[in-house]
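Some structures are shown below for you to check.
What follows is subunit A paired twice: with subunit B in the first complex and subunit C in the second.
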Partner chain A sequence: MADDSRIEGRRRVLRAALATGALATIPGLIPRALAQSKLVIGVIYVGPKDDYGYNQAQAQAAAVIRKMPGVTVIEQEKVAETMDVQKVMASMIEQDGATLIFPTSFGYFDPHVLRVAEKYPKVRFAHCGGLWTKGKHPANTGSYFGYIDECQYLDGVVAGMTSKTKKLGFIAAKPIPQVLRNINAFTMGARSVDPSVTTRLIFTGDWSLPVKEAEAANTLIDQGVDVVTCHVDSPKVIVEAAERRGVYVCGYHASQATLAPKGYLTGAEWNWVTPYTEHVKAAQSGQPMNNFLRGGLKEGFVKTSPYGKSSSEAARKKADAVKGEMTKGGYAIFKGPLKDNTGKTVIATGSAHQQTDPVLEQMNYLVDGVIGKI
Partner chain B sequence: MLLFGVFVAAVGKDPLEVYQLIYAGGFGSGFAWQNTLSRAAPLILTALCVALPAQAGTMVIGAEGAVVLGGLAAAVTGYAVGDASPLVVKLAMAAAGMLIGGLWIAAAGALRQYRGVNETISSLLLTYIAIALFNHLVEGPLRDPASLNKPSTPPIGSANMLGALPGLDVHWGLGLGAIFCIATYVLIYHTTWGFAIRVAGGNARAARLVGLSVDRLVIAAFFLGGAAAGLAGMIEVAAVHGSANASLIAGYGYAGILVAFIARHNPLAILPVAVLVGGISASGGMLQRRLDMPDATVLVFQGLAFLTILASEALYGRLKLFGHGARA
Partner chain C sequence: MTDIGWWGVPLAVLGGAIRVSTPFLLVSLGECITEKSGRINLGLEGILVMGAMSGYAVSYLSGNPWLGVLAAACAGLALGLLHGTLCNLPRVNDIAVGIGIMLFGTGLAFYFGKPYVQPQAPMLPSIPLGAWSDSPQIQAVLQIPPLLVIGVVLAFALDWAFRNTRWGLVVRMVGDSADAARAMGYPVNVVRTLCTGAGGLLAGIGGAFLSLYYPGSWSEGLSSGQGLMAVALVIFARWQPVHCVYAALLFGGAGAVGPALQSVGITSGYYLFSAAPYVLTLGIMIAASSPRRTLAGAPGELSIVR
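Moving on, here comes the complex of A and B:
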């Protein structure tokens, strides 16, 4: 602890702290000797892991891999996208012996994961978000992500069949490509069963603003919207507000069915167990990590919530038929002719974008039928 | 400490093990120390943003706004002059961050001195304006088109980043914070100007009677405090993020309030207090990872510890405060 001496000289209070420290040389302060053969996995969440949303979806997968043989899972929640996460990753490695880390928030990747990964080349970092680029990012980092717009499309189908007012509501955090893709897929799903349906859109401006989200839900419902869905970190308050006002709701990230036993139609959920398991197995067998893991319904990266009791038989049938086609593979949601809500053609007739197409990740428009502006 | 032990026992964990882990996580090894110091670095500067105006007898709680806008100013400056030599870029960034942060808090000072607006309220409200302005600019006019899913300003370039302190895995923010603290300590306690600020803070009327320009002194103290917070923002950009984005809004400004109060607004005392707070937050992770305790555990510990410290300053009403602490 050579570094300590200089600080110590400067600060009297610290000296006292160190003195007590010296007295308390209790065994067990050294990193807990975790059995060498066990794979220690660290999972880091940006919010609480029981948020009924983004973090809970990750925590559910962590709970599954925890049960795999030869695996120890350590978790830390509410870690900010600052120096905080760099230090948490380093702590997991240095103090707990972790060799596989799941930093689950999008904003962790650049620069935090990249910087720590450089320092610890033997540790694997599996980041959620899909930013990894071959040749640009280190081989011990990788990203996994799912095409959840498929589930949003199916939600839209059910919502379109259910709505009586033909007005759907979407509450979104920020106008970024990932979110726009969900809004568009939801709207297109609904309009595929009834072209007169429109989606009213409200951006709240940030990922977790419960008060604004509740206000937005109420505003939409006041305008006659009778099916609400969202893309925010925790859909909890939106689902609860919808249930209280007696309208239908589609969930997001994880299942919020228990929050709205009456109005919950279905929901778009992550199924992170699939990429988690693959990364854990590769780490256990010593195979190089798969740096770019992607998938949709077919690959089991995403799933829909079980239908709630208010979704009609006809709606279920219709959605299941589309789902069947999606799981077959090759299904393109975004295909021409497609116009945005200002009347401009964004995808020409005859061209179709497969889910893997990077063009979709630069989406900067709202499709026809969305009432709102970026 | 005892109260927290009771709390821990109440949730069914062994208090001794928890104490051990708090120590191990925050101060138990060279690694833990570096972890602690990294977390302390931004708090030192934001605490100054509270402590300096407090020397002038005022209560500013809006450091967060100065951090955010200072960081943005630094990121934009860094990008604009990115081709100059790295030292020039860093200095320009620091100057921009300090200037904007300083002006932002000085605005609260001016409102107080010339318009009679309560500085506590105005500085807090200015923070909301700062964050809204920041979000608008980063997601709008100043956005780097290449930042798709995480709107950011264009990167300042890795050559212009602040590195680590020699021999440590702690960035330069700690060094700059320490220098700033010592400099302001000397300024406040060992110069006539600092004395004048303290006189103005102690009794503005008396200060006016002896011919001090109270308005100017107070606003200058606000400006210096804001400059410290703006520098904290610049360091976050230059040492951690490399550009300005929403990660800058991390609550350092608010954590600094706590540090300043525990340090009783003495710039020098801020250093150890910030380290203590940094250590406690570093050890929070250890509790979560080893004992599966929720993140809030550490907040309870922090709340209890600081309430106890603050309460012990007041002779009476202790029981009431402890009651609050237990519920925190």
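Moving on, here comes the complex of A and C:
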């Protein structure tokens, strides 16, 4: 008998829980009704939005579009690239009435964004970095990305003119095309001003491994590297380690100048405001979304950090000259003759890849001058 | 800076051992005390992260990194005592509670640590022992963290105390046979709770090392499993505090092999070198194990050996 009453008690608890659950959804309907006049935008980050890196760059753009008239921005941080992101997107759409979503991490796209996009055909999904393909992916999804290798090339120019040991260091997370393109552009920029410069490359294996990143920086500096840069999610640890050891550093994603007042040369930064604004305007006016949004320095998708005080006048002038050519348009970083670091020709003499060339988004080599292997 | 070429590899291993091993050492010493009393605390990973966060926050707010270490120790002590008290309840499994504490500690640290991801807190000083050399690399390697010194001294002190002091014997007895301890009139649960608290305290300090010395920054990926590895190190060290020192140094040094080899141009198989510490552990465990006896030195009351 005692058991029966306990089961009954549990049932009662369950029933009560269900009832409160049902009630809880009702307040969710209210903002939806209010949202009709305003465009509600959801921004989803994979990490904390003040990480001095990838997420901060996205959050800075979100902060700008928040100020646009008729716009409400809701944000959620630290959403894993799993089922979690599907739930977050669904709740932003159902509860807050979001009609434009920026899922900002690379791993969100396939399958999570694609699956949710099929379920909600009227909601727009602007994803960062994915290769959107016409016919293969839904029309209410799209990708935006920037040609940040242009800034990396400029970083390389400054680094090459600053380095005394002629050894640069690059700490990278994983050998994927975007990362290789940055490593190559940085190295080519440096070798354009001094062909004797080499780049030592260390892969840490993942996007955020603070201890390993600090170890990598220290061992590079022990080897005589005097300019360090990186492609990891949060460059904070690397920039601080370089500053502590008294070498120069180029930033990435966002500006880390305040972390290294002595050694910060310049940096490659995203300027996501441009693609964000374009997507918001299209959504507001009801135009179809631009599914494949790309741009570099000229289009304002990327920018360089203001020069730090340790960069020389000559280096600034040289980099500014190249930057001028890039912003004019038609500047090709990757052009023949180009050899990889095993001596094989990867781009033949006379041919050049414009920045928009999709071939560059499939890069699988390291150029001559990089000491490292994929 | 002179070119050191291949010397960079042993130098990096030495540097890695000095820079990276401290959290492993402190956490494994803490776990050593806890396990000697017959409990396992898998929650040390969560306590480590909580210590890292509270240490960083207090150092930033007060301007004094040593106050941060103190705060981390207090946070660790509190979480350790929580684990110890929960495990005193009847029919509570310490491994399950430990996993709970791990998730609770990391979750709490992420929740309260949000505003401290960006600011820069004052760091702990280091003891420069490399002034005799004119090589900047050697000078950089021989920056000895004071917490490492404390950890090493503590390891030898604990080793001595477990053998020679009354409370050391009590802890060991409680860990080896609760019945015998009860018969002698010692309060088993109190001893275990205090030992778990002490373990948490050391793990908290280990966390403060991560955020206030090396890599010296608070972020959510800071620990990436170091607390769990340290728990495994205790078994590796056969529950002997002094062996924990060797294990921690070995682990720190092995972790530096991957980046060091890449920096001198040995670039193939870097994923394999990244796995070096784990391969090493497996190798030594296999070499040291025997099918004919249970793990030597394991406290008799541990739920994994019982």
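By our rule, the second predicted complex is superposed on the first by the 338 of 374 C-alpha atoms of A that agree within 3 Å, B and C clash if a C-alpha of one lies under 4 Å from a C-alpha of the other, contacts with A are read in each partner's own complex, and residues count from 1 in each chain.
Convention: contacts are C-beta pairs under 8 Å (C-beta built on N, C-alpha and C of every residue); 3 or more make two chains touch, one makes a residue touch a chain.
Just so you know, these numbers come straight off a predicted model, no measurement behind them.
Chemist: So, A:209: does it touch subunit B (first), subunit C (second), both, or neither?
Modeler: second
Chemist: Report for A:95: first if it touches subunit B alone, second if subunit C alone, otherwise both or neither.
Modeler: After superposition on chain A, A:95 lies in contact with subunit B alone.
Chemist: For A:324, select first, second, both or neither according to whether it touches subunit B, subunit C, the two together, or no partner.
Modeler: Once the two structures are laid over each other on A, A:324 reaches no partner at all.
Chemist: Touch test for A:306: subunit B only (first), subunit C only (second), both, or neither?
Modeler: Neither partner.
Chemist: Have a look at where A:80 lands relative to subunit B and subunit C in the superposition and call it first, second, both or neither.
Modeler: After superposition on chain A, A:80 lies in contact with subunit B alone.
Chemist: Now for A:106: first (subunit B), second (subunit C), both, or neither, which partner does it touch?
Modeler: Only subunit B is touched by A:106; subunit C is not.
Chemist: With both structures fitted on chain A, tell me whether subunit B or subunit C touches more of subunit A's residues.
Modeler: Per-residue touch count on subunit A favours B.
Chemist: May I ask you to decide whether A:221 touches subunit B, subunit C, both, or neither, giving the answer as first, second, both or neither?
Modeler: second
Chemist: Touch check for A:362: first (subunit B), second (subunit C), both, or neither?
Modeler: Only subunit B; A:362 stays clear of subunit C.
Chemist: Please work out whether A:176 is in contact with subunit B alone, subunit C alone, both, or neither, and reply first, second, both or neither.
Modeler: first
Chemist: Please report the subunit A residues shared by its interface with subunit B and its interface with subunit C.
Modeler: 48, 78, 205
Chemist: Of all residues in subunit A, which touch subunit B in the complex?
Modeler: Against subunit B, the touching part of subunit A is residues 1-4, 7, 10-14, 17-18, 21, 24, 26, 28-30, 32, 42, 48, 74-84, 86-88, 90-92, 94-96, 106-107, 110-111, 129, 174-178, 205-206, 361-362.
Chemist: Okay, in this complex, where on subunit A does subunit C touch?
Modeler: Touch residues, subunit A against subunit C: 47-48, 50-52, 78, 165, 169, 200-205, 208-216, 218-226, 234, 236-237, 240-241, 245, 259, 371-373.
Chemist: Give every residue of subunit B touching subunit A within the complex, in rising order.
Modeler: 20, 23-25, 27-35, 37-39, 41-42, 135, 139, 148-151, 167-169, 171, 178, 236, 240-242, 245-247, 250-251, 271-273, 275-276, 282, 285-286, 288-290, 292, 294-295
Chemist: Could you please specify the touching residues of subunit C with respect to subunit A in the complex?
Modeler: Counting only subunit C, the residues touching subunit A are 1-5, 8, 11-12, 15-16, 19-20, 110, 114, 117-118, 120, 137, 140-141, 210, 214-217, 219-222, 224, 226, 255-256, 258-260, 262-265, 267-268, 270-271, 274.
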